[in-house]
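Look at the two complexes coming up: subunit A is in both, with subunit B in one and subunit C in the other.
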Partner chain A sequence: MAYVATRGGEHAIEQAERLFRSDLGTISKDRVEGIRSSLPYLVDRLMGEASLYEPDLAALALAQAGGDLYEAVLLLRAYRTTQPRIAIAEPVKQPDLFTVRRISAAFKDIPGGQILGPTLDYSHRLLQVGVLTGEDYTPEPVIPAAKPAPATQPSLTDWQKAQGLIAEHPVETIAPEEIPDLTREPLLFPVPRAHKLQSLARADTGGTLALGYATTRGYGDIHPTVNEVRLAEAPVLLRHPRGTVFSAGRVRVSQAEIISKSKNLELGFSATFGWNEVKVISAAILDRATSQPNPHAASTEEFVLYHTEPVESSGFCIHFKLPHYVTFQSTLDAYRRVKADGEASGSKPVIKEPAKKEEVAL
Partner chain B sequence: MTLNELTKPWAAFNYGFLDESAKRELRRKMLKAIAIPGYQVPYASREVPMARGWGTGGLQVTLTLLKPTSVVKVIDQGADDSVNACSIRKFFGRVGGAVETEDTGKASIIQSRHRIPEEKLRENQVLVLQVPDPEPLRAVQSDMSVARDMHGDADYGQMWLVLYEQLVKSGRIMQGASYPSLVNGRYVISPSPIPRWDVKKLNQADHLTILSAGREKRLYAVPPYTKVEPLVFDDVPYRVEDHQDKTCYRSQVTGFFMNELPQDDGSSAYELSDSHFGIKHIRKAGGEPVVIGETWYRQGRMD
Partner chain C sequence: MDYGRSDDAVVANYSHGEALRILAASRPASIRAVAERILDDLGEVVVITNRTGLAMLPYQDTVKGTAFHLGEVLVAEAHIAVPGRGVEGYGAVVGRDLEQAMAIAVIDAAMAAHHDTASIAELLDAEHAYQREADRQRLRKVEATRVQMETF
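This part shows the complex of A and B:
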């Protein structure tokens, strides 16, 4: 019964999981609340990539994954997919956003003004090492402005369109229930614009950054100027069957518009759940880059949308840990036979290129 | 009828994990796949509680086919007891209340990664193959939209060219596993990364095979009694792996697909890749009343 000795997979996986979980210790409500309050930008990034706005669940996913972000996205998405879609909110219009930060790099001043809001953009990034020796680091209190900024801001693009600088985009009127939903339909190319923006909204931050950065460095033809970056809270408005519109609360959102200076001034747009400026700026660049008539190979819709999908790309990468001995055995067999044939005919093996490159799929 | 009669008690998740609308979509897509053998049907692959690339495509198909009376076997690289196979099988038990088995003959659904069991499958069994990359044209056309057009036109010239180039450069076709194969004389498929040894088991089989790629959101099928022909030139026959004369050091069985185990002294030992097939032989040799099903191969040959 020698086979019995090689068994025990079930016991092994059980113990391996226990080992991982024992390193993390007990997950309590306090821990989840601690993560939620101390790591809001991480929670935001996760909610964006998981396309589920629920800070408590996101913080719980981070706690359970020990901070492994891809693991947390998978946890949250696997939960999300089992939830019914109960209603479709009213469209969110830019001037209705409760804006806390809104800047433009295109003009020194803009209608509604520039609002810095919370940012580290101009701070010196110094580690407060004193904290480790017992000196608490308490931030300086904020001094309120004499005149508070308005809660909502007009759209800069509207001004540019009125000036004739940017072409008016044709508006498609689609009934709410007709809006395609990427989570219920496969992504097919050529991709509907709704799918493209949904896909970018839940794309991996690092992935959009890498490809967005590449396209501005010469692997593409995008020279972006940030027209507007906004961090805001968007009202979620639902329509009661009787017709009244009511608010179901607010969600933190970020959005970016970039202008590419090619032949004409052209807009790229992106928005996502949570406050994540790197993501929306790079995704807006990618929106523009993938909309070019002849995009660079690294900026085609297919290339960008497939390769920035966090659950799919991370899952496939870690799947290489799984055993591949059957396929490897099959490859080995081909190599050995070539070698044997070569020796039999007295010539050296004639593999000129690695055979793996030529294999159709492994 | 009262409201109470229409409601059911709260549960953490639906039977079979996937919600009914997801299962409905999968059923429709599976029917389409069966109706057009080898055609890759796109579907809205859902996130499941398992990493993409770890069998989520097969998992969604099996979850859809599952009922409480199902008997499920899960194989990873031939083994029932490898960690991923255990984890997936446990999941079916947990969310579907399915009976778990390791015996090919007893299973109603067999989900597999990279192997087809050595014992023949019957008409009332379904084989679900996990597929990492459903697109056989990927090596010659990485753009999926263009590859879809090529399938539509049955334009497989570049595919043949790649095989021919391998022949010219290396003296033989270097394709290891996932050997491109023509289904029902129409669509070329990647038969999941099963070894060349297993591709012949799909031809005119008694059972239904559903191949599903969760990450790539495509599923396709080889219905029962359907022709599956590996792409070969008339004068260069299809050759399976040289395992005909290898003997399993554990069960002493000869003539089936083996795992090679490098030894300290520089030699190799071999063990049956189909782990439960090996266990059955060992038990039978030990005098237990074990039923071993008919096999596709006999003494390493299938003809």
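This part shows the complex of A and C:
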């Protein structure tokens, strides 16, 4: 068997791509619309990680990728690079959020009350298997209240600050065009808080969950409780050429504050595009964990932010399957040379074998 | 959410900001029908831009007040000039709908030229009522999920 560099294979490569695409079948507008309408939380997750809000394009990316989320994130981020930046919107502030869900696990009687909103948190998880035998599953309609909920909800942290429970932080006023931007500047450590929150906003959901969970299990010093989790729609406030600020529409966002009771009461924060509670809760834990004076090695900013970047980390992982024949051959050459040198000098390389376990008959 | 309320009313009781917000959220068929009628006698229209692009969306952290970028939103925008009337029109809407953006720009130019304000006011009234009712119905369902928790 020889390990050599290769080239060519154009025909096979083309047929491989054709095979992948033919397995998925025809992608039609109806199919894309079906994905968008039936899988809104998946579309939300994708838009958050791709850092681009456009549900139709996200649904199309999912269709083209056959549901492979990392591939879909890559497609959407690649599309984003084809578009010019034409504006920086006005900052979204909490009082502007059209809020449909807002709960606190830390305080029962919060100003504005607890609104469960759309959630399965308190539901039995039952698979509606009858659907597979032809029985449509139609959910029971909501019985609306006589009066509507307030469109916006007050700030819980403002109330806590007024109670003296948490520290006030001086708010730095910064023009929107001066906010540090990861898409234009590299991630350098120590990171500005704006970079950290932007990075967490587009981080891999599974990555933030794994590291956030790890930090609460002992690889960190965080004992979180959800101070507030909120699902809402945020207005995209643009500026007309004559200077008028107006809303060009609303986008789904989620945000979470976690409160850690390790020493003082300290808050962590995260927000992202779309409704994705696991992401914002775990990212808020990571915000708090990475803000500790001496964080655990698994909770440093560098460890967390590098390893939760979905495109770079997934790309690095899957690049290992591409041909590495030359580099691997050089490793083999070195290995054989060492072995030959050892044999020439009469001293065999010592290979430690693990202690033999009892053999099991197969 | 009061946007542009400081502006003087441009059509009926709507400030410029309110009118643009209502138009951006309008139903496509309604706004296009009015825009097409306006185009019939607005005069020559020069398109300055009609494209999709990105609007970076900053967000305010509620814990430390840090402004950061949440991500980019794809928006469609249209910018037109009506040389015969000496006005310009601009429209932008979240998403990829260039026709909606153009329809807003046409109506915006008409508002600047005080042209066919009756049709525009009628459109704004109808769409404003529709949007308020849609939000109201949504929030009635949200209110149904208000919970009073007890601890033991």
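Everything that follows uses one rule, which is that the second predicted complex is superposed on the first by the 340 of 362 C-alpha atoms of A that agree within 3 Å, B and C clash if a C-alpha of one lies under 4 Å from a C-alpha of the other, contacts with A are read in each partner's own complex, and residues count from 1 in each chain.
Assume contacts are C-beta pairs under 8 Å (C-beta built on N, C-alpha and C of every residue); 3 or more make two chains touch, one makes a residue touch a chain.
Please read all numbers here as calculations on a predicted model, not as lab measurements.
Participant: Between subunit B and subunit C, which makes contact with more of the residues in subunit A?
Facilitator: Here the partner covering more residues of subunit A is C.
Participant: Applying the touch criterion given at the start, work out whether A:Glu54 contacts subunit B, subunit C, both or neither, answering first, second, both or neither.
Facilitator: In the superposition, A:Glu54 contacts subunit C only.
Participant: Given the touch rule stated above, what does A:Arg80 touch, subunit B (first), subunit C (second), both, or neither?
Facilitator: both
Participant: First (subunit B), second (subunit C), both or neither: which does A:Gln329 touch?
Facilitator: After superposing on A, A:Gln329 lies in contact with subunit B but is clear of subunit C.
Participant: Quick one: classify A:Ile318 as touching subunit B (first), subunit C (second), both or neither.
Facilitator: A:Ile318 contacts subunit B only, not subunit C.
Participant: Is A:Gly206 touching anything from subunit B or subunit C once the two structures are fitted on A? First, second, both or neither.
Facilitator: Neither partner.
Participant: If I apply the document's touch criterion, which positions on subunit A are contacted by subunit B in one structure and by subunit C in the other?
Facilitator: Comparing the two interfaces on subunit A, one with subunit B and one with subunit C, the shared residues are 80, 84, 183.
Participant: Applying the document's contact rule, which stretches of subunit A touch subunit B when the two form their complex?
Facilitator: 1-3, 6-10, 12-13, 16, 74-75, 77-78, 80-82, 84, 183-190, 300, 302, 311-312, 314-319, 322-338, 341-342, 350-353, 355, 358-362
Participant: Using the touch rule from the top, collect the residues of subunit C that touch subunit A in their complex.
Facilitator: Residues 1, 3-4, 7, 15-18, 20-21, 24-25, 51-75, 77, 79, 88, 90, 92-96, 108, 135-149, 151.
Participant: So in the complex, which bits of subunit B are touching subunit A?
Facilitator: On the subunit B side, the touching residues are 13-14, 17-19, 21-22, 42-54, 56, 76-79, 81-87, 90, 113-115, 132-133, 135-139, 143-145, 159, 162, 165-166, 169-178, 180, 190, 193-197, 215, 217, 239, 241-243, 250-251, 257-260, 273, 275, 278-279, 282, 286.
Participant: Would you mind writing out the residues of subunit A in touch with subunit C in their complex?
Facilitator: For this pair, the touching residues of subunit A are 47-48, 50-54, 56-57, 80, 83-94, 96, 98, 100-101, 108, 113-119, 142-152, 155, 157, 169-172, 174, 176, 179-183, 193-198, 201-202, 234-238, 240-242, 244-251, 253, 255, 257, 267-269, 271-273.
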